[in-house]
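Read from first to last, the chains carry the letters A, B, C and D; within each, the first residue is number 1.
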């Protein structure tokens, strides 16, 4: 193992830059050369690579986004695309690859490994925290805190105007952000893809609350579970109460990473390099039970199982 | 003048609480009694008042929203509603009224004054900065900074993914927030109600930029000028480039007020009390040419004239 | 178990209010009455208690500090003080006690339990993360993020002025905050109570770095390991380079709690109530290996063992 | 006027980068070439210059500090130093100079102009807001907000622990930051260089307050008026009450600039270029009565007169 490549794919997540910095500097310390690949797999296929030394990653530890940029690459889903990528890897003398990204990236990496057996380690980075078997991904803590402080802001108006608000957070297949912020912001209800949701029961609660004098409500919904607009429309239909919608959207994706996201990124970067040096492969590194662990990609790409019961019940009981 | 009333109306704005605290404590210092009226004019009509002393406004200087709450009150638009409000004012021995709110509040206060001649001072508070003749209202600086930090966050993704984003900010009749954040965040273009906008020219710029290698764009639009969804749709139609939408919405309304919003609120609160003590009336206090001034409501409720040329040209030139 | 008491002791930590809210509401849900005790053990001895219902803990989830306040109480260290506290507990019909605080609080609670056998559960809350066997305490994540954003700020000046800065963070016996922020902020060196520190080696590194053109340094020190002033003085003595000092101090203790601190607080509050209901006692609840666990106070009050090697080496290697 | 130089001197202030970006891009738009000078006057003397185009100032609008860096330069205080700087200016064909900095920078620029008559415009940038005749400098609004949010944090502990805190903020000859944050944070007292301070009166107030049950105090002091340590010592001596000290220090200097600081920086940058194009010189541009104005350096370098009475009285009355 003399030279490794590193790339970021999928949606950007805060802490990706801290991971890149860690990989480049730690790999250099371990006498490896590092090639930065721009725009994910697209950059592999289109030969957008540059050698990275410790100086190239100065002053990025606190920046959101990714200096390596990221892009969609449907071509890499094809045999020809993968073949082309493999040729570029060989041409540049790259002996192992570190892929920083979410579950889509893990799937692509696994397929690529099966075909070409190139040593390949993924680093779990995704604001959705959507990788099976992993407790926390790079960026998820930051995204939750960004959404939380947005909801804290909205709470000022909710309380001053005494209204119902439905707030849509990110999470196409994962209720992670929604559950976390609903509990942390003291929201009244939460709708996630992992659970059935009884809208009639909620509207009933709202009407009953209204009678008792409870006039301010915040309902959080994960984009993959229900659109805020639809929920609001139904609440208005059933309760005739004024209801507003906020879609937090892309503000959740950026921003300076929290300490948790940075430290996780740094430690995962180091671990990925160590695994490549041991010629380990086809794994993703992430936080598991409070420690850094490597998980087989085969397992990691399965539909994530998460325990939602405890948090969901707490949201309901505490409001 | 022995006893004054204070209320907040219209949309809440960060700094309203700092103004309430200032009014209550300064009025007490000037030997006035203060009645807090809850839920704006609705609370006048429905007799929701409470005497406020210095202790009642402890620990609120840094909170967004308004502890007096705010509500719509169509009834106050009628003769009967105003008559009823005036009776409550007399019943509680209130000699003067301080109304904290935006341009709608100024209009209501002016009409009320013309009918009943009760000493009445408005305090300019509105995130939109929409009061004619006033340079800055309570909350406008906070709203601009909240929107700015949201756009700074989004910029991380814009740069990492190399896409076009259309961001919709608040401002139904005012391009204030849009102009300020577009300049402060280094955005590529801005659409406001006060100016004609040439969408064809913008799409042309985007395509030309794309040819030269400029791939990341942020376009800010004030909600009253154009919906982000519509703009994005047209950009996609004309350029075929991937375009995303973010609607910042109610996060712009809340949050802990900035130093500027708090200090302005405190000074305006003091000035309003001083004017009532001088039996001045039918005015709004706000920041004018860097100082605290009182403006006739008659003038303040006219359509606001703002100079947009300098800021708009700077946005265009500097990107 | 019909009625429980709750109090906060020691230094305040962000998230204590979220814990109080969780305890009051969850206990109410489980049909317990809750007495809030003001000013820690002092309030027990001096009979400062008040019954708390769900409404008393509204709007506090996002506030730093503690609405129950906290105070030193040397009297509780004496037999007479404990006896008096126990009498008050009996007088108010309190069947179990939840104590929210750090290692000093655990020690006091353990002694009290040994003497009076009153069911007693501690909740680990302390910005220092100083409880043996516990991975994270309430407030530690917030304190690290507050210190981190302060150091990110200072980095702007460090880079612009090209100077050496020594930054002192909280941690009398614990290097937790120092280690975490040093890694997360990309600092050049870190001094903690848990490790020997070779000042000569560091000065040597600085001089060597200077020759190679590295002119900006940030050295983090935990207050319990070395005073920033002393370190700076020695650096100036040995290197003649301009060196500045910043002592972060009490800004690290306050602020709105992060999502992590809030969620941990909420879950620990629930767990403490559940344990009391099972008549479990003499334990502290905290985060262990990524989950909520209860630990014997006897073990928890021993000198905390933490692994510093991995983080410390990463700080050194990555800069 | 074909080519201009730009440099930053004195302490860094948030918004300097926004000013540099504005100057480079606006000057380019006006067909001027721009030379960036590194490390202030030192860089002039030591020939550290580089041509700057629009691309060189990408992605810096939201960053604290200065990409041109800043340094002390005692040599520029000498005839020889100025002569050398002038030679470098001629060598590089620089026809006019823009100097971004505080009052020290204005003084140096004025002297240089008197000797060499090179067109020379200063931009008022300093967290202290210390330039005579100017209402707001670049960075002052950001510094006040940073200090404010630090004090908001400390307030959590002040209230929870019921103690006296003395907080030292920046301001060697200026009480600007101290006055602003004391009012905005609702502090109990403030000590500034511009006013006599009666410590006996304050201690008397504290003791009296204590008797009435007021136990939490925050006293803000500007570093140039009194050291926090000294004030705390005297309070303890006279009142025997527990008193803590926090010195905010360099955190006030950094951080992402507020909207106000960025917009001011952008507008001042444009104005400075316009003035040079008109061959105006020996002036500083800043915010005066709410607008952008140019002031003679001769006037600007005199001891700043500020009105402290209104704000000071408000601090005292409102707590």
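The definition used in the following text is that contacts are C-beta pairs under 8 Å (C-beta built on N, C-alpha and C of every residue); 3 or more make two chains touch, one makes a residue touch a chain.
Source: prediction; values computed, not measured.
Peer 1: State the chain with the largest centre-to-centre distance from chain A, centres being mean CA positions.
Peer 2: Farthest by centroid: D.
Peer 1: Between chain C and chain D, what's the gap in Å when you average each chain's C-alpha atoms?
Peer 2: 35
Peer 1: Averaged over CA atoms, how far is the centre of chain A from the centre of chain D? Could you give it in whole Å?
Peer 2: Roughly 40 Å, centre to centre.
Peer 1: Let me have the rounded angstrom distance from the C-alpha centre of chain B over to the C-alpha centre of chain D, please.
Peer 2: 29
Peer 1: Where does chain C touch two or more other chains at once, residue-wise?
Peer 2: 152, 155, 159
Peer 1: Pairwise, which chains touch?
Peer 2: A-B, A-C, B-D, C-D
Peer 1: Under the stated contact criterion, what part of chain D meets chain C in this complex?
Peer 2: 8, 11-12, 14, 63-66, 69-71, 146, 150, 152-157, 159-162, 165, 244-251, 253-255
Peer 1: Can you check the complex and tell me which residues of chain D touch chain B?
Peer 2: Residues 18, 21-22, 25-26, 29, 59, 61-62, 135, 141, 144-145, 148-149, 152, 155, 159, 180-181, 183-186, 256, 258-260, 262-263, 266-267, 270, 287-291, 310-311, 314, 317-318 of chain D touch chain B in their complex.
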